[in-house]
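See the structures that follow.
Consider the two complexes below, in which subunit A is the common component and subunit B and subunit C are the respective partners.
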Partner chain A sequence: MNEQLILYPLFLQMAISIILMFGWARIKFQKVFSVFGSIVSLGLAIILFSYIWNNGTQTIQAGNWEAPFGITFVADMLSVTLVLLTAISGLAVSIFSGASVLKDRLRFGYFPIFHFLLLGLNGAFLTGDIFNLYVWFEIIIISSFVLITIGGEKAQLEGAVKYFTLNILASMIFLTAIAVLYGITGSLNMADLAGQIAEVENRGLVQITALLFLIGFGIKAGVFPLYFWLPASYHTPPFAVSAIFGGLLTKVGVYALIRVFTLIFVDDPFLNNIIMIIAILTLISGGIGALVQNNMRKVFSYLIICHIGYMIAGLGMFTEMAIAGAIFYLIHDIIVKTNLFMISGVVYRIKGTNSMRDLGGIYAKWPKISLLLFIPLFSLVGIPPLSGFWPKINLIKAGFTNESYITVGAIIFASFITLVIIAKMWAEVFWKEDKELPLRSNFGYFSKMTSAKRMQFVVPVALLSIVSLYIGFGAEHIQELSARIADELVNSQGYIDAVLKSKN
Partner chain B sequence: MRTTIILKTASNYLLPVLLVFSIFILLRGHYLPGGGFVGGLIASIAFILHSFANGLNKTKELLIMHPGFLLPIGLAISFMSGLAPVVLFDLPFMTGLWSHDPVAILGSVGSALFFDIGVYLVVTGVTLTIIFTISESA
Partner chain C sequence: MEILLALMVGILYGTGIYMMLRRSMVKLILGIILLGNGANLLIFLLGRITKGAPPIIGSDAKVFVEAFADPVPQALILTAIVISFGLQSFAIVLVKRAHTVVRTDDLDEMNATDEDS
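Let's look at the complex of A and B:
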């Protein structure tokens, strides 16, 4: 029974989507059921997490075909941690969607597609087969295309075209890379590939394939020269959609990079150098890009890019400590970035705009909410003891051990720029004198809402803030978890054995 | 749109023939070319042809429910065919289950057949929804 547990998160999301599709036009039912389903999936993710924590990596063969031939699903610590984080963010965004997404959008199947997106995310984290990973990526991007275009406003479609084009391109490059990989080794199982790639004599070909993967996943993760679609599209869809995109979609790219470059293309100095250079440039360019933006969501979009750099830098250094830092940052980042986009949604509801020049005076009017929003904003900066602080210690320490001082410099630079940006945002949005904005007719202002509806905005933000606080104050536990994940990733033999032993 | 009487008369006969053919394609799909996807396309062609000849409203009356409703039904059937081995025999997801004795006409019946039936319904539903939406707005 217990290996079956690995697939339960997938079953659950699939079942939720199907049931929601049966109630296509019943929005009220969809809202309630989506939240209910998300709570169940959170419970399931916790059970799966604790099971893997106690019993180590587990695998299951879909269709009961043996390991390198069938599709393997693998639950190691990294996968189940990400499944757990997806469930937490999914629950928060599900509550938030109910209040913040317009009825006209909900009528066109917002919730079923949302759960298909979560299905795709969970699948991508759990699969152990590289072609199956591609299939999950397809499920993710098809669902995200629907979510980003639903409603069909002009700005939204403009963003969607850019998003669509580059993501399709990324998928194509990823598919090409898989084809080449299959041509070299004749296998698609990631554990099997790990052994086979190590024996290939033509290293040049292997490096080129690795670069194709780097470009394909790099576009999705939003790293340095390939990120331009991200700030062009993330500020256009509804806030709930940006939240799930900002929190999780780019992180799938990071996950795929971490998985492929710790398991299949291991510790190649040439590749590690390229990854390092990309990471440094991502840190710097994302940070500088965020400085000049005025729209809150655009600032956050650039900060996503900037902070992807931390994780990629950890991967590039490729020591256990650096990867532990990258994983810790990933855990912190998923929660915080989801929260930030929801915060911009709350601010938008309060004042009717997201432009920082026009905003102001929120602290004077809504002190309690402002203090709540303070937590994620300054967790992002990483003021100790909030959650962004701890992973950077790991990364900087690893940088000094590796004697890659430029990386350390870039990390510190990016942290300072983030501090400047968030301090500026805090001053502009919360502390500045209130400006009288023209009232928008037909706009659901926060002050006019019933308290039940207000709770739907505040509860998800509070939920994720509490998780952020836990990551900050319980850093010891998260550090232990990240160290264990890093150990599993660096010593990948355990993963390979877990997949291939199930042969007999 | 003006249609000839020939097309109108022919489409009335073609509809059942094409539907039977689509089911034939669906059933032979396990070992031979065919299957749920192609079968679903052929079934939707039957209805699209009918709508060309008799107008969209007539076809909608014929279908009774909105074709989009086929999506969750088809998905549910496919999903349950994958889930059956998990629930009934504690085997991994999507393990093929087969009947011991071949059934008349159909041959061996297995969970793969139900998966294909689900695909058939989803494809029919999606194609018809798309075509109907386009021809409504045109």
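Let's look at the complex of A and C:
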């Protein structure tokens, strides 16, 4: 009976979207119900998480078709951790959307689509079937297309065309990879594929398939030569949409890379070398890209790319410690990146612009809020004991044991550049003398809001900041969790056994 | 038959990518459509083509005794067709809308997102 617990997060998100659709024109109802549903789904995610933590990997076979023939859903530690993080960010963004997204946009079904996006994310994390993963990816991208275009401003549509094209291309490449994979093994179940791929004699074909997966997921994750769609589109939609995109969408690509390259295409030196090179170039190019930007959201977009490099580097080194570092970074990054885009939303509301050149003096006017925004900004840099610091220890240690000194150098370089960027941002946005900007008519400035509405901006930022602080100060727990996930990923036999030898 | 299909898949992928690299938005959509069809045919081809052997077990047997056509690729293609149909219709609407707002069909002129702001 408890196996069905795995599917509840999916059913819940779907039910929320459907109920929200019935209240299509009633925005107030949608706002309240979306937050309520997100709280329930957070509770459910916590229950699922503690259940898997105590009982180990659980599986459920759709329609009771035995694996590898049916579609399998698998909840291992990595999946449930990501489901939990999705629920946390989902709750924060849901509160944030209610106040920050304009009414005209909410009226076009913003909330139902938002919950469909969360449904797709949960599904992608929980599925154990590679074609099913493709379907969840499509659910994610079609929802994200609607969210990115909702409102239809000029910049938004231009960003959407770029975002759309590259994501469709990534899906096509992913589909091609699945076709080749099915051609050489005749299976789609990821646990079954792990065994089948090891026995294929034509290693060249296997490597080509792996590269197709790497390109397909790489576009979605935003790694080095494939990331140009990301800074062209992430700063165009409403802030709440940027927040959920920045926090979770690229991370689905990273999750898929981690899953496929620890389970199916395991420890191939050729592939690991390519992944390492990509990681190093991603770290450097993302960092340098962020350095020259002026728009806050563009800076954060480039920082997303830069920090994807850490996770990919951990995957490329392929030792338990390195993967633990990558997972720790993933956990920290989802929370912080969601928060950063919400911060840029708060700043936008205070001053009416996101251009760092024009901003300034926020600390003098809003000291309490500035201190709150300080936490995520400097968590990102990883000043100890804040959360970004701990995973880097793992990664650098693993780099030294692997004797891949260039990677260590790139990791340190990227951390340094992040520090420079965030320090510059802090100085420009918060400390610099206030510049009198022409007041915009018809704009809901933060100072003119009622305190109830202000709380809707501050509470989600505070919520995620508290989670960040917990990740930083309770690093021991997160370290234990990521070590356990890394152990499960490296010794994937447990996952395979759980899927193929399950009772039903 | 396989050779013919393989050539077909190659042509569809090639033209699809070529169309996506053009500057016109309409050609972009055509490219996406061609590429999608190429991927579908590829799944069909790589699922092995078995002629005249439907995957139905005769009433006198418990398991398949002879080679049979694999039904899974067809299920996959059907799913992929439905999904790409949805995406393509969205693409057409998006491009039309973008054209009305930006007043150009040239992708090179779509650089408002790269402006320094």
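In this section, the second predicted complex is superposed on the first by the 502 of 504 C-alpha atoms of A that agree within 3 Å, B and C clash if a C-alpha of one lies under 4 Å from a C-alpha of the other, contacts with A are read in each partner's own complex, and residues count from 1 in each chain.
Everything that follows uses one rule, which is that a residue touches a chain if its C-beta (ideal position, glycine included) is under 8 Å from a C-beta of that chain, and two chains touch if they have at least 3 such contacts.
Just so it is clear, the model here is predicted, and its values are computed rather than measured.
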item: Subunit A residues touched by each partner, larger count belonging to subunit B or subunit C; value: C
item: Partner chain(s) touched by A:I18 [first = subunit B, second = subunit C, both, neither]; value: first
item: First (subunit B), second (subunit C), both or neither touched by A:G98; value: neither
item: Partner chain in contact with A:N64 - subunit B first, subunit C second, else both or neither; value: first
item: Contacts of A:Q4 with subunit B and subunit C, given as first, second, both or neither; value: first
item: Contacts on subunit A seen with subunit B and repeated with subunit C across the two complexes; value: none
item: Subunit C contact footprint on subunit A (complex, rising order); value: 131, 134-135, 138, 141-142, 145, 149, 152-155, 157-162, 164-165, 168-169, 171-172, 175-176, 178-180, 182-183, 186, 188, 232-233, 235-236, 294-295, 354-355
item: In the complex with subunit B, residue positions of subunit A that touch it; value: 1, 3-4, 7, 11, 14-15, 17-19, 21-22, 24, 60-64
item: Contact set on subunit C toward subunit A in their complex; value: 20, 25, 28, 32, 35-36, 39, 42-43, 45-48, 70, 72-73, 76, 79-80, 83, 86-87, 90-91, 94-95, 97-98, 101-102, 107, 110-114, 116-117
item: Subunit B to subunit A touching residues, read off their complex; value: 68-69, 71-72, 75-76, 79, 83, 85-86, 90-96
